[in-house]
Amino acid sequence: MITAGIDVGSSSIKIAVMKEGELIYHHSEKLRRREPLKVITQAYSLTLKELDLKEEEIKYVATTGEAETVEFRTGHFYTMTTHARGGLFLNPEARAVVDVGALHARAVQIDERAKVLNYRMTSQCASGSGQFLENISRYLGISIEEIGSISLTSKKPEPCSSICAVLAETDAINMVSRGIKTPDIVKGIHLSIAGRLIKLLRASRAKGVVILTGGLSQDIGLVAALIELAGIDELKSGDRTYEFKTHPLGAFAGAIGAALWGAFRYEKVYRKIVA
Amino acid sequence: MSEINDILNRCQELYEDLSLGYVQRWKEMYGKKAVGFLPVYVPRELIRASGMLPVGIMGGGDQIEIIRGDAYFQSYICHIPRSVIEMALSGKLDCLDGMMFPSICDVIRNLSGMWQLMFPEKLSIYFDSPQNFESDTGGIFYQNELKRILDEFSKLSGITATDESLRDATALYNQNRRLTQQLYRRRADKPWEIPTSELYLLLRAGNILEVTEHNQMLERYMALASKENRKPLDNSRLVLNGSFCEQPPLGLIRALERAGGYIVDDDFVLAGRMIKSEIPLKGDPLENIVEAYLKDSKDVPFKYNIENKGDELVESFRENRADGVIFCAASFCDPGLLEQPMLQGRLDKDKIAYTSFQFAENTGQYQVIREQVGTFSDTIKLWGGQ
Amino acid sequence: MKCFYGIDLGSTTTKAVVMDHESHIIGRGITNSRSNYDAACEIAKTEAFIDARFGLLKKQSRKLEDSEAVFKKLRRAFELEEYLEQLKTLIHELRQSLDEPRFKNNLRDLSEFIGLLEPRAIQYGEQVYLKDDKPGSDFFRDNAAMVYTRVAEEFCAKKRLSFDLTSGLFDRSIIRVENQTYNIDFDDKIQSAYERLFGRKNPNPKLLDAINMSRGTKLEETLGVGTGYGRLRLPFPKKQIRSEILCHGLGANYMFPGTRTVLDIGGQDTKGIQVDGEGLVSSFQMNDRCAAGCGRYLGYIAEEMNIPLPDLGPLALDAKKNVKINSTCTVFAGAELRDRLADGQQREDILMGLHRAIIFRALSLLARSGGIRDEFTFTGGVAKNQAAVKALSELVGENYGKDIKINIAPDSIFTGAIGAALFAVREYKDKGDNP
Amino acid sequence: MTEKTAREVLKDDSMMIQKKLISGHYNNLAQAREKGKKIVYTFVPGNIIELVRSFGLLSMLPEIDSLQSAMRKKSDQYVAEAEKMGHSEDVCTYVKCHIGMIQSGIPGPDGRPLPEPDLLLLSYTGCFTFLKWFELLRQRFKCPVVLLQIPYQAEGKITKDMRDYIVKQLKDDVIPALEKLSGMKYDEERFKDAMRKSSQAEEDFVWTLNSAKQKPSPIDAYFGGVYYVGPIFTYFRGTDEAAEYYRVLREEVTQRIARKLGPITPEGPMRNEKFRIVVEGPPNWTHFREFWKMFYDEEAVVVASSYTKVGGVYESGFRHDPENPLSSTADYCLGCYTNLSLPSRVEMITNYIRDFQADGFIVHSVKSCNSFSAGQLLMLREIETRTGKSGGFIESDLVDSRYFSPSNIKNRLESYFQMLDQKKGGRS
C-alpha cells in the first residue's frame, strides 16, 4: 500500500511517500512568498509524475501542519502527532521528538509506539525560532546552511539576552558594533534557542533519546548547543539526561509521520468506509 | 429549527451587546436599579431581594478594541480588567448603579480600589468571602459581610431586603441552579445535541437576564434541543478547567470543538453553579446562604483547600466519562495557573491524560491552541483510552 | 558660518540635522543604521552638510533662469555620483567575497555574474537618477538590492544557479560596503555632477559661480548633540547626549509650537510623550520589551510582499473593509498575512488591518502616558506612512473627539535629530555666545 | 539583605549588629533539627512573629529566602527548576524561586541546608498568591497548615468585624496550633513582653525613616531602606537585639545629619543630592546594585518608599500594644501596605511627596506581584494630578533576571531625570 504525507509549514512544504513502511520519495519546496496551495498542488502532481503513479494508487493522503485548504487530502493529523511518528521512524530509539521549524518549536514525549504522552509548544511569541535565526544570518551575511559550522568555531559565545526576536536583531547589530565575532554571536543565539528548547523538553517531561526534527534539526550549531546545555544541566541536577539524535531527513519527519498514520488509519477505519 | 435559533440569536445578541441594552430597558420598564458584579460569584439573591437586577460582567471578550484599558494595566496582567475598564470608560456600564468585586485575586481586588478612584459617584463593594469555613468563625464574618452589603443595597435601592424577599429570591435561583445542572447533565450525555458553544451562550445570557426569564429560556432550549436530530462525531470527551474568571472567546470554544473534542464539563460562568445544590428555604435565609457557601460550594482556585484538592475534578472526569482534561487558563491568571500543577499532580495519580494551554479573552489566533487540542484528540483517537 | 548639528542614531535609520545659530534647519541627512555606528553617524552627518551646501547653492541659483529644474537636476546628478562611488565599492567587495569557501564551486559563474552586474547597475543608476528622476529609496542598500535581485534572477534562471547563492553573496558584501564611510568630497563630486550634465566646457557659468560660492562657504562644525537608541555609543561626551524622549518633545515643539502630545513610532519602539508649551517633557511612556507593532513590523510585511516599504501605505489605502488583526508580533506578521490571504481576504483590507493594529498599540501607550491633548504631533518614520496616518486620524477622532488637531511634518522622521540640534544651539548659547 | 551585600554596603555598627542577628538566626535554623527546635514557615506581611516566638518556635519567611537567592544569583536557576516542574512562566517568581529552592534541598546562605517546615502558618495579608504558595508547599511537606485570613481594607478603614474575625482565628486556630506544635501553653506575659520590645524598636525605626525629611537626606529610604527594615519586618521584631539595632541606627543617622552627610552607597557616601525621589513598588533583587547605581549615578536619593511599609505601617502612629496583644496584632496585620486600598495607597504616596519635599516619584512595577502592580498606572496618574509632579514608570521583576533589562530601565530613568532637570530649569 502506498500513502502520502504532506506537511505544510510556514516556510516550506514537505512531501513524503511511503510504501509498505518504506520511504520511497521525498521532496520539499520553499514557499518563498508563494501561495501554499498552489505550491502544494504543483508539487503533488510532480510527485505522482516522478513516481509514475495514478492518483487513486495513493490510498491515503494525510496532511499535517497548516493544511486546512488542501482539499484532496484523505485525512488530517496534527503536527505533534505526525512528528512523533516520523521521529520514531527516523530513530526507533527515540522517546522524545523536538521539532524546530520556522516559527514554532514543539517538544513531544512518546512511547515505543509513537504514542504521544506529553507535549509542549511555543506560543504566539516568535522568540527563538528559525525565522529569527534566518533574519540574523541574513544580517550577518552568512547563509543558513553554513550557520551551523560557523557556530561550532566559537570560542567565547556572547550571551544574547533579549527575549524578543526583533530586539535580538538589534542586539546582534549592537554586538557587531562592539566587535564581537560572528561565530560568537551565532553561538550565543544558538545557546539561547537551545535554552528554550530544553525548557520545552523539560516541560514535556521527556527523557532519554531525543530525535530532532524540523528544518533546524539540520543546524549542527544548534545541535551542539543543545548537547552542551543539556550537559551543564545534567551536572547541575544530576538527572534527566537527554541524548540528542539527528537524521538527514529530519525536516521530513512531519510528512513521513503523516503518511505512516495515513496507512494505519486506512487499515483500521478508512478501508471499511470506502469499501 | 427556527425557534432554537431564535433563542440562540437572542443569547448571541445579549452576549454581544456590551452596552447592556437589556439592562437599560429593564431599568426603565420597572423603574429600578441594577448592580453589576465581576467574576466569579456573588450571592445574587441579595441583589434581587433588594429590588435590583444583578448583572454579571465577564469582560469584553474579543469584541472590544482596547485603547484606554491598556493604559491602566501592564502587559503582564490578565486581560479581563482592561476590557472592563474600557467598557466603563466608554460609558457602556453607565446603567449599572453599583458594582461588586468578589475577593478572588489581587487584580480584581485592586480593581475595586480603582473603581473608587475613577467612579466615586458609583457604589463600589469589595465582597470579602471567608477562607475559614467554620460556621462560627468564617461564617460569622461572612454573615456580617452580607449584612453590610444588604445595608448598602438598601441605601441604594430604597428597598430593604426581608426574610421573605430573600427566601423568594433563593427559590428562584434554586430553580436556575437546577436547570443549569440539568443542562450540563444533558450535554454530558449527548454532547452532539448540546454543543458547548450553545450551552455557553445560554450561560452568558443568565448573567444579564432577569432570573425568571432565564429559567424559561433554559427550559425551552432543552425541550427543543433534543428534537434537533444532530449526529454524533468521532470526537474525544474532554473536561475543561481553568476558565473560571476571564472567559475564552466564543471562537476559541468553537475551535476546540472543531479540533475534535467534545467538552463534557467546564468551569465557565460559575455564578449560577458555584453553589452545588439547592439552598434550603427553611430557617434564616441569610444563614442558609452562608452555610451553602461554606459547606456546599464548588472547589475553585480562589478558595483555600488543602485537604482534597483536585478530587472534584477527578470526580467530574469519572462521572462524565471523559477521555481527558484540558487546562484552559487565562494568561497571567495567578490563581488559575498556580492551581494547575496541584490539579495535574492529582490527575497524574489517577493516570488521567491532560493537556494545557493559555488564552486571553481577545485571543484571535487559535492555531497553536487548535494544534495542541488536536494532538490530544489525535492521541485519544489513535490510541483510545489506553 | 557656525553650524550646529543633531544626530539621532535610531534602531533602523540614522538621521542628522544641521542648524545655524538662529536655529534654522539648513541641512538634513539620513542613512540606514548598521553595525558600524560610527559609519552610520558619519554618513548621516556628511549627508546633512552636503544638504546644507545644496541649500546655499539653491539660494545662490535662485536668480538663474529655470532655476528649480536646473537645481533639481544637479542634485540628482550628485546623488548619482554618490551611488556610483558606492557601487564601485560594492563590486570590489563582491569580488573579494568570492574567496569564501562556499562560493568555490560556482566561482566562474559568479565572476561572470559580477561582470554582468556592473554595467547593468551603472545603467540602472543613470536611468533612475537622470531620466526617471525617481530613485527607489534613500538608501544605497535598497537601491543596490533592487538592481541586484533583478539581474540575479535572470542570471540564475539562465544558468540554473541557486538564487540563494547569489543573495548570500550580496548579503555578505553589502554589509562590508555599509560599514565603510565612503568618500564624498562635495567639491569634487559637484564638479563631476556638473560635468556629467553640461560637459566639460562650462556652458553655464552662472551656475558654476553659484557652485563655487557654495563650495567656498565655510561650514564650521561648532557643536553637536547625539540622541537615539544608540546614543550611548556615540563619540560624544555625556553632556552632549540627550535622551530621545526629550529630543522628540523639543523637535515636535519646534515644528509645531502648539504641540502638547507627541507620538513617535520608530523602527523598534513607540513612545507617547506629553510636553508643555516650551517643548519640555512632562511625562512619557515607551513600549516594553516587545517590539510588536513598531515600524519594523511594516518592514517585515513589505519584505514578505516583496514591495518597497514606501508603497505599503498607499496600497493599504485602497481597503474597503475592516479586518481585525490580532497578532502584532513582528515576526509573526508574515504568517498572519499569509493566513488571511489563504482565508480569501483582500490584500489591501488585510494591510489596512495591520496598520490599524499598530495604531491600536500606539494609542494604548498614549493613553498610558496621559491621553491625547490638542495639538497632537505624530513623529518618527512611520508618520511617513499614509495608511498609518489615516488609521490614526480616524481612531483619534473616534476616541478623543474630532477637534484634536493632528500635525504631521514632512520632517517627521527627523524630529529627534532636530531636537538634538536645538539642544546643541542652546548648549552653545548657555555657555555664552560670541567668544 | 544578605550578609555579604550588607557588609560591603554599609560598614556601620548597626550593620554589624544586623549581620550578627542574621547569621545567628541562620545558625539556629541550621541546627534546629539537632536541637529539636520546631520550624514555622510564615510570610512577611502581617507576620505574627512575637506570638510564634513566645512558643519557642523558629520561623522562616519564604519571601526572604527567595530574595536572598536572587542576591546570591541563584534565583534564575530555582525559577527554572520550578518551571520545569510545570509552573507557568506567568506567575509570581517569588513562589517559583522558593519552590525551586526547596527542590534543590533548601540551601541556606552559608550552604548548610535549612530545615523543612513543621507548620505552615498561612496568613495571606495583602496577597492571594500566598494562599496558593502554601497549598503548594503543603502538597510537598504534608505538615499541618493553619490559616489566618486577614480581611482586606477595601474601604480604607479597619472595622470591628475584621478585628473580631482575626482575634477569633488567633484564639481558635492559630494559638492551639502553636501550642500543639510546641507542646507549650500560650504564655501571654511572654507575648506581651515581646510586644513591648517591638514597639520600642518601632519608635526608632519611624524616626529613622523620617530623617529623610532633612536636606540633604542622611539615608536612602529605598535602597538603604531595605536594609533598615530587615530586623523589624522579619524574624527579629520583639527581641532586645532588634531594639538595640534601631537604637544604634538612630544614633548613626543623628551623626550624619549633624555632619550634613548624605546616604552611603556601595561606592561610598553620596556627595550631592540633586533629586529627591519617592518610589512606589518593590526593588529588583537580581540586579540590586546595578539598579541602585542608576539612581546614585544621577545623584538621586530616594527619600520615601512604599516598599518599606509592606511589613507594617508605623508612621501613622500604630505600635504593637502590650496591653491589647491580640487585637493590636490584628490591627498590625490589617495595616500592612499591600492590604491597603488603592485610594489609601495614593494618599500615602501623595503625602510622602509633600512631606519629604520630593522632586518627583518613580513607580517600579514588578511582573511578579499583582498585589502591588495591578492599578499602579492609575496610581501614577492620580498622584501626578494631586501633586503636580511628574512620575516615572519602570518595569522589571523581583527575582527573575530575564525581566530586568538594564538598558531599557536605564534609558527610562535617564530620560526621567533629564526631564526633572529640565523642569528645574537647569538645561544642561
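In this document, chain identifiers A, B, C and D correspond to the written order of the chains, with residue numbering beginning at 1 in each.
Here is the rule we use: contacts are C-beta pairs under 8 Å (C-beta built on N, C-alpha and C of every residue); 3 or more make two chains touch, one makes a residue touch a chain.
As the structure is a prediction and not an experimental result, all values here were calculated from the model.
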B-D compared against A-B, more contacting pairs: B-D
Inter-chain centre distance, chain B versus chain D - centres from mean C-alpha coordinates, in Å: 36
Rounded Å distance between chain A and chain B, as computed from the means of their C-alpha atoms: 40
Where chain C and chain D are represented by their mean Cα positions, the distance between them in whole Å: 49
Multi-partner residues of chain A (at least 2 other chains): 66, 124, 163
Residue numbers of chain D (touch at least two other chains): 86, 377, 395, 405
Residues of chain C touching at least two other chains: 288-290, 327, 339, 368
Chain-level touch network, classified as line, ring, star, complete or other: complete
Residue numbers on chain B that touch chain A, as the complex places them: 259, 355, 358, 365, 367-368, 370-372, 374-375, 377-379, 382-383
Parts of chain D lying in touch with chain C, wherever the complex brings them together: 377, 381, 384, 390-391, 393, 395, 403, 405, 408, 411-412, 414-415, 418-419, 422-423, 427-428
Of all residues in chain D, those that touch chain B in their complex: 85-88, 90-92, 95, 122, 124, 127-129, 131-133, 135-136, 138-139, 145, 147, 149, 151-152, 154-155, 161, 164-165, 168-169, 172-173, 341-343, 345-346, 365, 367, 370-371, 373-378, 382, 395
Residue ranges of chain A touching chain D (in the complex, touch as defined): 161, 163, 199, 202-203, 236-237
Contact footprint of chain D on chain C as seen in their complex: 239, 242-246, 280-286, 288-289, 368, 370, 426-427, 430
